[in-house]
Structure formats: structure tokens, C-alpha cells
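So that you can tell them apart, the chains are marked A, B, C, D, E and F in the order they are listed, and the count of residues begins at 1 in each.
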Amino acid sequence: GLTTFANLPYVHCLSAEKNVDSFDIAFLGAPFDTGVTARPGARFGPTGIRWGSRRLDKDMGDSIYTGQNPLADWAKVVDCGDAPLTFLDNTIALKQLDKAHEVISSRTTNSSDYTVPRIITLGGDHTTTLSALRSTFHHWGPVSVLHFDSHIDTWDPAVLGGGISHYAGVNHGTFLHLAHEEGLIRNTSSHAGIRAPVKYSSDVKNDKRCGFDIVTARDMDKLGVTGVIEKLKAHVKGTRVYVSVDIDVLDPAFAPATGTAEPGGWSTRELLTVLDGLEGIEIVGGDVGWFLLFARSTCSS
Amino acid sequence: GLTTFANLPYVHCLSAEKNVDSFDIAFLGAPFDTGVTARPGARFGPTGIRWGSRRLDKDMGDSIYTGQNPLADWAKVVDCGDAPLTFLDNTIALKQLDKAHEVISSRTTNSSDYTVPRIITLGGDHTTTLSALRSTFHHWGPVSVLHFDSHIDTWDPAVLGGGISHYAGVNHGTFLHLAHEEGLIRNTSSHAGIRAPVKYSSDVKNDKRCGFDIVTARDMDKLGVTGVIEKLKAHVKGTRVYVSVDIDVLDPAFAPATGTAEPGGWSTRELLTVLDGLEGIEIVGGDVGWFLLFARSTCSS
Amino acid sequence: GLTTFANLPYVHCLSAEKNVDSFDIAFLGAPFDTGVTARPGARFGPTGIRWGSRRLDKDMGDSIYTGQNPLADWAKVVDCGDAPLTFLDNTIALKQLDKAHEVISSRTTNSSDYTVPRIITLGGDHTTTLSALRSTFHHWGPVSVLHFDSHIDTWDPAVLGGGISHYAGVNHGTFLHLAHEEGLIRNTSSHAGIRAPVKYSSDVKNDKRCGFDIVTARDMDKLGVTGVIEKLKAHVKGTRVYVSVDIDVLDPAFAPATGTAEPGGWSTRELLTVLDGLEGIEIVGGDVGWFLLFARSTCSS
Amino acid sequence: GLTTFANLPYVHCLSAEKNVDSFDIAFLGAPFDTGVTARPGARFGPTGIRWGSRRLDKDMGDSIYTGQNPLADWAKVVDCGDAPLTFLDNTIALKQLDKAHEVISSRTTNSSDYTVPRIITLGGDHTTTLSALRSTFHHWGPVSVLHFDSHIDTWDPAVLGGGISHYAGVNHGTFLHLAHEEGLIRNTSSHAGIRAPVKYSSDVKNDKRCGFDIVTARDMDKLGVTGVIEKLKAHVKGTRVYVSVDIDVLDPAFAPATGTAEPGGWSTRELLTVLDGLEGIEIVGGDVGWFLLFARSTCSS
Amino acid sequence: GLTTFANLPYVHCLSAEKNVDSFDIAFLGAPFDTGVTARPGARFGPTGIRWGSRRLDKDMGDSIYTGQNPLADWAKVVDCGDAPLTFLDNTIALKQLDKAHEVISSRTTNSSDYTVPRIITLGGDHTTTLSALRSTFHHWGPVSVLHFDSHIDTWDPAVLGGGISHYAGVNHGTFLHLAHEEGLIRNTSSHAGIRAPVKYSSDVKNDKRCGFDIVTARDMDKLGVTGVIEKLKAHVKGTRVYVSVDIDVLDPAFAPATGTAEPGGWSTRELLTVLDGLEGIEIVGGDVGWFLLFARSTCSS
Amino acid sequence: GLTTFANLPYVHCLSAEKNVDSFDIAFLGAPFDTGVTARPGARFGPTGIRWGSRRLDKDMGDSIYTGQNPLADWAKVVDCGDAPLTFLDNTIALKQLDKAHEVISSRTTNSSDYTVPRIITLGGDHTTTLSALRSTFHHWGPVSVLHFDSHIDTWDPAVLGGGISHYAGVNHGTFLHLAHEEGLIRNTSSHAGIRAPVKYSSDVKNDKRCGFDIVTARDMDKLGVTGVIEKLKAHVKGTRVYVSVDIDVLDPAFAPATGTAEPGGWSTRELLTVLDGLEGIEIVGGDVGWFLLFARSTCSS
């Protein structure tokens, strides 16, 4: 066979065929990295994620902490492969990704409890989350975003890239601002792990306006993992949630292969404990991305 | 001279000569990696460990924490080089390693307090610990194992690899099961740092049957280093102890060059504090392994 | 989609289904590296080859030299993915590979000119060629082998590994000896690119007995690419040919990611010109392997 | 000081100041890589080139072959640093680069023989050459291009990327087609080192239409370095020449850090001998690029 | 432009010109690594630091924790480039560095509050701090040193290197001893993050004699970041402070590219919190160094 | 055992014992790299060379080209390990190396044909050859040097480094000048593979004065390997010869792990053919060096 995420079955979700195998949760690769201000390479991220997951298997997949197996629970989980995205025009690429989300989320579910399959996007640069939020909005209405990142990503396009052109304004630092402008997200959202520099007064003010509460990286030292979990869960106030993990939320020691490494971040033990702690909220979509395939070193471009 | 572990004297412990320099603790390389289900390369681990230790020296070897010098205490510590192991037949290779342990542990000690030299094996894949436990049993009887690892390594050969053949069943995930079957270890053993997935009901049950208590990686957050130390020391109940360190107990940030990296592990500061805290129990043998020589990156095969 | 060799269509050749899409030439991954005396890692080779081929496409696949497109000629070419091979028992693994070859070569062809699909194996260590030669023999009778390698690979198991056990004697340096013993190959075979050291008198004598003529690496300087091509083609004397490329035939500058790098080899320009020059002989099977996934450096294990 | 190309003096050529130090040849970095279909990273190429040149110095700069010193001949050679280019909109970025070329080529020369300073652009992806050719045309009229590359780079935008949008059609594989359409280049141009696959009939035909003769990589084996030099020089027929070096003209063994590595290329000894052999033709501009900063490995993204 | 630290303006501080742009804090590279007992490469450290800082910008430089912008506060901060240091004679190189410090600290300040510009040296091996302390002493009198390091660096030259020759005695492990002997520092100094082995009785005694208090790496577990901050601040007793950061104070997971990696160190989150916590003491100079350019791996020499 | 060069027996040649095993040719590591103007790291070169030679074995050591086995011919060949050299004072280090050469060359030979063992030094930076030439001169009188290098290494200390101090003048670019001044070498010496820039008039003139003829890297294209061999052999005119191989004679594609990489060099096939071709001249000593341990990349410092 070929390498799929966690050795999950591959389903031709994006094919023109009307009927494909049903599923409840689909992994979808988004090979895209031309919306970035820094180091590119995330176009190869989905391949890197799949390769890195090659020892995962639902046949030996119970957590030692919870006894639960996320790959063999109520949901049938599959890999839909990569969306076909051009590297040469961001506007077109995002439309291609919108289309992929639309096709997959319109497929038949396996479980009888839900009629809409959920999607976990494998990035790719963070701009791709805009596409996922549009798709989520279409099926589930506005959502709270739990955004794990070292950056706020609500920059005003006029500040980050966009003074130059409208085209330049749609990027991995502005997509949450744009999601807010499009009405896709709720003001019960949170960032977690924030530590990158900002223009304090204007950026943080705009961030609040976009609906976000901030948990900084160093808040982990004050609140502990339990406190962080409680704060994040309380803030969504029972709404539906989209979980977006920018891998740069981790300290570069733990995730060196990213394009905007920021020192002073969380460890994998901290992040995974927080993610496990989210149990109980209603998650309707998510993503993880901003990996540079296989590149551990800050010296590689 | 040539590169030895921590610049220790090299003794030809494995030569046919009857008399070689006496010693109390011997480092022995076990260049073996064909008992693995994942990424190979640990056959070069002993060379990597020696190279990484090149700045250690017993002339400037006092711990800043304890004031003690493990290389210049009661024991004369030496390096015996690598056991000659074939890469082409695991059954033969383990017999070769059994023989090497037998020869070294039969040498004359330097101290008058003990007549049996202790061995610290430098791995190599974890299968090699089976050989060390046989040798330890021969001289010291059954021992408690303090097993630092992200994996339990007590899988039943019928589950991990062995459904295929008896040969395949002897591997780096089953050796503690086999040690239990051979009666080499006590039921006062512990794992520490566990976090890799399992088949919960069957694997954990079998693990208990093999005599192990589990301290998970995240238990560090609950118990702290002091609590972990106390729990591990209490559980051995005064028996003799064999300490086995699979380097994948560390988070991949701290030990990327291993074959089965599992996120969410311990830091070197945590592990070293725990190891220092073991003072007071009677350790009669040990090993550290599962390094891939010099390979930091998850991209190298 | 997922990454296939040269973006070829993926066919589930190895599934239990009776009917799958027909094809004429199939790429088959053989993730195997436990038959080696040196640096392992080739178990990840097929993945590395597929990733390295990601810019190849039959829609823009004409050679600038010949105007021909090997992916869009008479044959329908597909990727069958990897054969499922255990890493824990070579004997079993080779039987698994024998079975995979049997299943694939029994599928229906697309072209009406041939009834037996041809297979190109992506290694993996060179031991896997033994399996391919058995399959080839079954369908096409004995073949001449054109063997591109820095090593002769006809070592007597009694010399290389096998003094220890029968199991150890089946390895990447003996498989051509074994193929000769099994009667799979003709005495009109050739090695090309040879340069690694030998026991001259015994090894070269045995090599000749196994049916091989030797073109050394430095013969390129004397004969030129044209001379090498002519010599290789003449020597097969019109018989059917199996082409086996051990990537270590290239100089380590051109193929560093291999387990037995030997300086003084051929360049890619030389090798590719020779391979193009083979046009006109009847090739019924082939392989390329002994890549370590993504590992460029001699320092990584 | 700071790192400049070959330790040349840094001149603030791009500043708003009217008068800066005069010069005859300027190195200009073009940190741009969003016009590519493959592996990005060339945005860091100019930094990599400067770092790689740090041992060059005009005080010890005589060629052992010619006795001449290119950094201390008739021309005053300087480094102008990098042009400020956005990574978020190719259309804007190319305009920014056009502007940078305009400003620099309008500065005062040091020599009295020429009034227009020449520019050597340090790439960056090959799309940047379009900007350089516009600037060259403005001052010197249409030029013959000597284009060292494994790819023809005259693809019709309708074929390569452009079927999607006009925006996507301006890329590193179409810029020479566009230069021809804009009338910037002569039909006495040549490619050298070509070996990447094409759609033979249509692409080669269009290439000829754009004014190019092809010297393939393997032509080196037939013509030798002397023959290649003669052919290239003869073909420009005394016209002014722009020399563009895509580093992928070299075999990946010699230049692994590029985005579109093609095996079977030239060695550095071959390329440098050819470049030295161009003496005698009138070169009015040039570039070298498509380096990925510091990335030697094909595994890094 | 060219790459400066944090995109700060480059000032020709070291030129012979009498008047250059005024500044309050200057970054100065010290490319020097021949005073080391271990792995060299730090001569390229200043380049590595500048490259690593390329995303920093005073226009978006407010800390998310404090709201303050260290690059746009009272002080005008600039980059003076690298001091020109020979690699072939340590004695000469240190004199060259003394001279560079003298020239820069004699320039005119921009602020009216201070007449002496402060310098932050970018290393280079730690020996270079001796030069900085001489310069600091000249302008500010004796200072307390806050020394972040895994090593004490107060070794007696007779113990570390100097038994051999006076020349050998001036190195990266003895410079704080020498600074004490020259009367440059106060006995209200502290080390922080210490964990490397010593000769306990003699080395620690001498260290105390040189005026240092020790905060070990594991003290972080006992005191917490707040406790560490308080202890360090209290100990300087209101004196002027020089802050020296040897990057090996971090655990190798966080700073692998150094020459004397010691496991069990601090995380970047811990170190940065401590550094932020120093606000309120009077810092008159500082340095950070012992980076090996771009080298992440312990395998690279 | 421990890793020796080519698995040769280790002899304690440098011990204080009067009698050690006799030998005819000794490998001696010279871990030294502080005499360099560029990238350091060669102090780890001897370890890298030994590790790289781990598959060599005199039991399977016949050349496929000559049928001869250099490790099992008339001479008993051994490894003496590394000379103990300080990294902190070049003057002392060279004296330590002089002493090591003296001790080893005074040992008893195994063969009855010669009374002086020969030494092959494993570098280390090229400065170490000065020490070897002194030792060679002492036993064999002045020798012709066959110097394979991209650099001439006869720079006048006044030009390269020495304007600064006498100490700085003894380095890897001046040692052949110094050897000439000390009368150690004959004017029948040759450089081979030269291509790095020079100050043509003064440097080449001085080079000739020091007794050297130059074969450039590109002379390989004109003379072929046979012509190069003949020229080198003819020029020594029957005198005794010392062969010194600076690994930078190879193109960086073939030997990237060096400190002064120069493009346009020889391939390993060319170099090894030339070295084999030297048979017939009387070689009394030699060295190979300037490797950076395990570092393939030009990005690592």
C-alpha cells in the first residue's frame, strides 16, 4: 500500500464518483505555502505528517492515559489524500481548497448520529484555515476557534502585507481577521500559547475586536496545564468549536521544522495534555499545520 | 589513543587471554538493531555514545549537585569495547552477546567488596537487555527492573511480531515478557515514562502479570521528580535492581536520534534528577540504548 | 491523492480482489533491509524513491535525448504500492515478497502483445532481487542479469555471513550466488561498475562460475560510455535480460544515501547514458534499490 | 563589517540619495521564490551565495588558469545588497525588482569607457531574470541569452501554470517565453546543459520559435568543453549577450540545494571551464540563482 | 540591504571616520573560536545570530508580556557589524577586540542621559567576554557579572589548559578567573544554570574566591523562575551589572548548535522569563555567544 | 573492540613502554585544526576517517583493479591511535606532534627489509604535515613532495597570516614554504589538483622557488589520468617521495566536509586512479586530512 495518515484507509473522497466509502472524520492534506511572510516549505507538510505518523495504528491505538482509541471510537476515520492546489496563484488555490472542503463535507457519514462528515486539515500554511472555517460555517454556523499558536494571526491586512495589494493581504497572519470580517467565527474564541511580538496597542485591540481571548505561553507557568484547560473550556461557553493547531505553538526544540519559530513555547507534553483536556466540548472541525517537511534545521531554507 | 566511553581505560575483557586488568564496572557495546519494528541504525549506537561522551573525564568528574564522582568512587570503571555481533541472524547474535556477558562477568574485580564485576551495556536495540538479564540472573538471582521507556516492552510475542514465527517474536517490544517467562525478573519492577499507545485491556493486564507497575510520562506533572523517585524506590522493596534506560523515554526534542520517537516525554533534567535520586537501592547491572548514531533528524531513515 | 511513483495511477494489485485495473509494467516497493552487513535504512527506500519522483509526470515525460516517453509508450505503467514485509524474520519476509511477485505477475495485461505483466521492484536491500529473479524465472525462464553495482554480490554464503548459519547466508552479498545455484540465471550475465574490494582469487573465480563478466568502474575511462554499452549488450547474446541497479554503482557524491558507499564510481550522466543505450535488448524485469530514505549524510546511521 | 559578496564594498545603490559611490558592476540580491512549481526556499538564496563567497577576496583573486582577477580588472565591482521584494504578491514583487534594476543601472559608472553600470543578479527563482532582461533591453537593446539550465524555461504559460490564470502564468518555467513575447531577446540565443523532460514536439518547437538553440547535458560527452564553448560563442553571432545561470544546470551532486534537481548534469569543472571560455563575447548583464540557502539535502523541503 | 541584527541600522562604528551616526546600544560581532577546548565553529556565530534574528523588527517589536519594545525604547540601537579578528593568534585577536570595544564605546550617544554607548557582544567563544569586561571596567568601574552558563568559567589557568603555556591559559573556561585577577569584577556576581562537572573542592572554592554565587540548573525546580530571579537580583546588591549569556546554559534540545552541550539545562521559556525579570537592575553591558553557525547536530564537527 | 582505521590492530605506539608490537606502517591521528584561516572542525577528522573506514578489512582487501591488498602485503600495518595534542597553543601542539612522530618512527619494524617504520598521518589541518616532514627528513633525508591539494600551501607567512605575528605565520597555507626554508624538501616536488585563487606573480614565483611544479585541476582534462600520472612520476626524478593528500583536492561534491571547499576539482575516480598509478616510486611517508568529522554540509560551521 501507500503511506496514509496513521495507516488509515484511503478513500477517493475528491473523485468525481458519486459514491465512495462513507466516513465520519476525514484527514485532508492542504499542500500550500505561498501565503507566508517567512520560510516556505509547508507545501510538503502533509507528506511529512503522514510519514511521521507511520507507526500509528488503530489496532494498537489506546491511550495509556485514557484507555480510549481516537481512531476506533464512534467515528470511522479515513484519509482523503491531498487537495490539488496550485502553487502559482493563492486566489485560485484557496478556491480549489474551498471546493475540496465542499466535496468532502457533502459525502455520506458512516455513523447515524451525524449527517455531515468532519474534516481535519493537514497544512500547509495557516492561510488554509480560512477555507476550513468557510466550510465549517456552511454546515455548522459560526464557531468558537481554539487557536494554538505563537502568533495571534488576526493582523489587519492593512498592517501585515496588505498595504501592498488586496492579494497580499490574504495570508497566514491575517486569516483570522478575515474570518471575523466574513462572520465565520464567534467572540468566544481563544488563542493559546501566544508569545510572538506585536504592535501592542493596535494589534491586541483589533484581536479583541475579532473575538479572541489570549492565553500566553508563559501563562502555562502561572496556571498549570489544568488551569489552561479550564480557562479555554470556560471561554467557549458551550458553543461549537473549531480547533486550529499551528505547530509553532510548540517551542522550536519540539517543532523545529516550521517557518516562524519563536522561542519560549510549550513542550509536547504540555500541548498534548491540554488537547486531551478539551474532552467535553463539541468540536466540529480542526487542523494542524505549518510543518516544513522533514526539515529539522534552522539552516535549511 | 582511541575513543572510549568517558575516556576510561580500555580493557581487552573479551580476549582469549586468561588475565586482563581487573575492574568493577565494565561498559560493553552491543551493536545490534535487527530486533526492531521501526527505524534501524542503533547498531552504530555504541560508537555514537562513546563519541558523545568524549568530554567526560574522571579527572574533572564531580557532580555539581552531589560533589561525587561516579567514575572515581569505590569502583574501577573500564570500557570493554563492543561485543562482536552478527547483523545477519538474531538468534546467533543474542548467543554471541550472552557469551560476551558471561566472559566479562567472570573476570576478576578490583575491589575486595565484590567478586562479580557489574556490566553497563551500551545499546543497540532494547532486545539486548534480555541477554544482560540472563547474565545478571546467573550471578545475582532474579532482579527488579527499573525500566525507563516510553513503551512497556512486555508485549506478548503472539501480539508483537510473533504471530509470524518464533524467530520474529524475540524483539525490542517483547524482551521483558520473555525475561518474565524465563524467571529472570521480580514482580517488584516498574516502568517509568510510559506514554506510547497500547491495546489497553490485554497489554496492560499482561504487563501487570509480568510484574510491572507503571509510572506514566505525565505522572511527572502530578508527582514531581521527588514523587516519582519515591514511588520507584518504594516499589523495588529492597530487592536487587537492574536499571534499563531506553533513550526514547526522553521527549524527541531531547533525544531525536532514536527509532521510535514518542512525543510528550521527559526532559533530560527530569530524567537525570530521577536517576540521581535512585541512590540507596542496590543496582547490580544496567544499560542505556536505542540511539541512532549521530542522527538527529526524523528525516534520515 | 497520495504520492505514487512518478504520479502514476495506483492499482490495488495485491488486494484479494480478483479483478483490478489491468497493466503492463508495475512498480512494487520492497521495504526490506535486514539482509545487510552494513548500514540499514533501506526499508524506507521505496518511500524515498516515490517522494524523489514527485516531479515526474507522463504528461511532460519526453526525453530530450530520444523524444520518447517511457511512461506513455506501448505499456500501461502503474504503481502497486509496497509489499507487506515483516522486519523481524528474513525467511518470512522473502516468502512474503515471493508471494507479492506471484500475485502481481499473474494479473491481466493491458497490451495485447504480452500476457505477463513486468515488475520493477523498488528496494530495499539487494537481497530482494532473489525474489524477483524467482518470479522472472517462473514466467520467462532463465535470464541474463545486467547487474549495475559496485559489488559483485556473488559471494559464497560460506564466505559472507554464512559460516555462522544458513539463515545468515541469505543476504545482499550472496543473492546472485544463490540465484545461480537455483538455476535462475544464465552465464551470459554481466556486472557493471564494480570497484569494491574482494578476495581476488576465490571470489572472482566463483563469480565467473556463477556466469558473470565484469565491467569495472574504471573501465568507463578506457571504453567510454559507448564502449561500455556495446560490451554489455554483446555479452547477453540475444537472451532475455533482467536489469538490476544497486544505487551504490554511482559514486557516493551522486548517491550518498546508501549503506555501502564506495568511492570511485560512476556519475549519474554516465549511468543514465548506459541505461538509455540498452535499447534493443529484451528486458523482462528489473529493480533499483539500496537507497536510505532521504539520508544524504554518511554520518547518519 | 557585514557579509557582502566576495567581501566587495557595500554601496547603498538603492537608497534615495542622489549620489552614491560610483561602480561598474553591481551584485544585486533578488530574494524571491514564489514563482516556482516545485521546492521553495530560494528567497534565502542571495544570503546563501554571499555566505558561500566569504573566502573570496580581490586581494588574492588571480585565477590560476588565466592569471586574471575578475574583481580587480577594469571594472569597479560592488555589492548593492538585496532588493526589497514582497513574498506575498508576485506581480508587485516583479515591479519592485524592475524598479531596483532601473535605479541601479542609472547610477554613475567608475570607468570612463561605459556610462551604464552592469548588474549581476543573485537569485532567487529564475522568474527574476525577466526583470533583468527588461532592464538590459532598456539600456542595451535586445540581447542574445546564454542560458545555462537543465530546463528550457520557454514553456508557454498556457502549458505551464497559466491555464489557471494570467497571474500563474508568470513563473520560473515561462519567463523566457515572456521575454521573447516582449521582444527583449534575440533569436541567436542558446540553452546549455538541458536534460529535463518536455512535451517534445510542442515544447521544442515553441522553444525554437523563441530563438533558442539547444546544447544538451550529454552534448558535453560528444563535443567536449572546447566544442561546447565554440558552439555557444559561434551562435551569438557577435551580438550583445546576457548570461543566465540556473544552478540546476549542475548535477545535483554538485548543487544539491536547488528546487528542481535533475540527474545527469554537468560538473562544476565543466561549467566553470565553459564560463571562462566565453571570454571575447560582449556580456552586458547576467545572473545566477535558484539556490536554496544552505540546504544540501533533498529531504529538506 | 544586508542582514543586520534584528534589521537594525548598520553603523560603520569601527571605521576611521571621526563622526558616524550616534547610538546608545551597539551590537558587535566577535568572530572568534580558538580559545576553546572542545568543538569549534563559533567564529561563524555572529553571522548565525544575525540570520536567526531576521524576522525581528522594531516596527512590530512589543513584547506580549510587557507591552514594551526593547528596540524602540529610550535607546537608539544599532549594529556595528563584526570586529576584524585574526583566527591565527589568540593574543593578537583579543587585542583587536579590545581595540574594537574601545572605539565603539568612545562614540557619541544619541540619548542625553548617558555619554557612553553600551555594547552587546555577539560571540564567538566565551573568551571574548574578557575583552568586554575590560572595556566595561574602563568606563563604569568594576561590575557584578550575571553569568548564565552550564560551566563556571572561573577555572584556574593552571588547571584548565594553562599548565602547558601562558598562551593556552587564556581560554573560554578561565576568562572569569582572569577578570577577577585583573580586578574587573565584583564579588557580588552570580552564575546561573550551572551543571557541568568540576573538581568540586578546588574549583568551587576558587570560584567563590573569584566572587561568584552559584544557582544550579536544578535550582530552577526548587526555586521556580520567580525564586531564581529574586536570588540573582538580590545578590548584585545594587551594583552595576554585566550580563553574559553562554548559550550552553540552555539544554541542548533548545540550543544544540554549541560546542560544549550539557544535558539537564534550562528551557528557552525559563531563560527568557529570567532575563525579563532582571528589569530594575542597572545593566551596563552584555553578551550572548557560543553558537555554532547553523549547526544543529551533534554529529557535525 | 574499538574502531580502528580499516579494522587494523591497535598498537600502543605512544606509550612509555619500551617494547610494543612491531610494525612497518603506522596510521597516526593528528587532531588539530587551529592553524586554519577558514572553517574549523578537522580536530575531529581522525575519528571521522576511522569511522568511514569501518567496512575495510584486510581479509577482503584485494583491489579489483590490481589484485593486490595494501593491508596484507609485505608491510605489517597498524593503527597507533591519536597523538595527544592541545587545542590551545599551536606551538605546543606541533611540538607534541613532533614528539609523537619521533617515538613512532623509532619503534622496531616487523619486516627485515627496513629498520624505520613509515607513518601515515590522519589529519587534522594541513599544518600537521610540517611535523611529518621533519620526522621524515630525520630518517630519510630531504624528500620530494607529491602534494594533492586545491591550494599551493607555499604562501609566504608574510602574506598569509604572518604579517600579524610569527605565531600566526605557521598555518595550513604556509607549511610548505616553511618546510622549504627548513631544508626538508627537494625541488623535484609537485602540486596536483591546484585551482584556488592566488596573487599570481608573487605567489607562483615563490612556489617555484620552494621547488614545486604545478598540475592544475583542469590539466586532468588535457592530460587525462595517464598523462597526469606520468608527469608526476617523471618529476620526482627517482628521489624519495612524501605523498600529502589535502582532501580539498577533490571537488566539494565528493568531499564536502572540508574547511576550504573549492569548486572545479577532481572526482574520487580520478584521484584514486592517479594514486594507484604512483606504484614504482619510493614513498617513505604520507598523510591525508582536512576532513571535518561527519559534516557533509557547507552550512554547518
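The criterion applied here is as follows: a contact is a pair of C-beta atoms (placed from the backbone, for glycine too) under 8 Å apart; a residue touches a chain by one contact, two chains touch by 3 or more.
This is a predicted model, so every value here is computed, not measured.
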Completion exercise
The larger set of C-beta contacts, choosing between A-E and A-C, lies at A-E
Exercise for the section: Answer with same or different: of all residue numbers used at the interface between chain E and chain F, are over half used by both copies? Expected result: same
Fill in the blank from the handout: Averaging C-alpha coordinates per chain, one finds the centres of chain D and chain E separated by a number of Å equal to 42
Practice task
Could you put a whole-Å number on the gap between the CA centroids of chain C and chain E?
Solution key: 56
Completion exercise
Each of the following residues of chain A touches two or more other chains, namely 38, 251, 253-254, 267, 293-297, 299-300
Practice task
Quick one: which bits of chain C touch chain D in the complex? Just the residue numbers, please.
Solution key: 52, 55-56, 59-65, 67, 69, 225, 251, 253-254, 267-269, 272-273, 293-297
Completion exercise
Counting only contacts in the complex, chain E reaches chain D at residues 1-4, 10, 14, 47, 50-51, 79, 81-82, 84, 294
Fill in the blank from the handout: Within the complex, chain A is touched by chain D residues 33-37, 39-45, 48, 86-89, 91-92, 161, 164-165, 167-169, 171, 257, 292-295, 297, 299-301
Problem - chain A-facing residues of chain B, complex - result: 38, 194-200, 203, 214, 216-218, 220-221, 251-253, 256, 260, 263-265, 267, 296-299
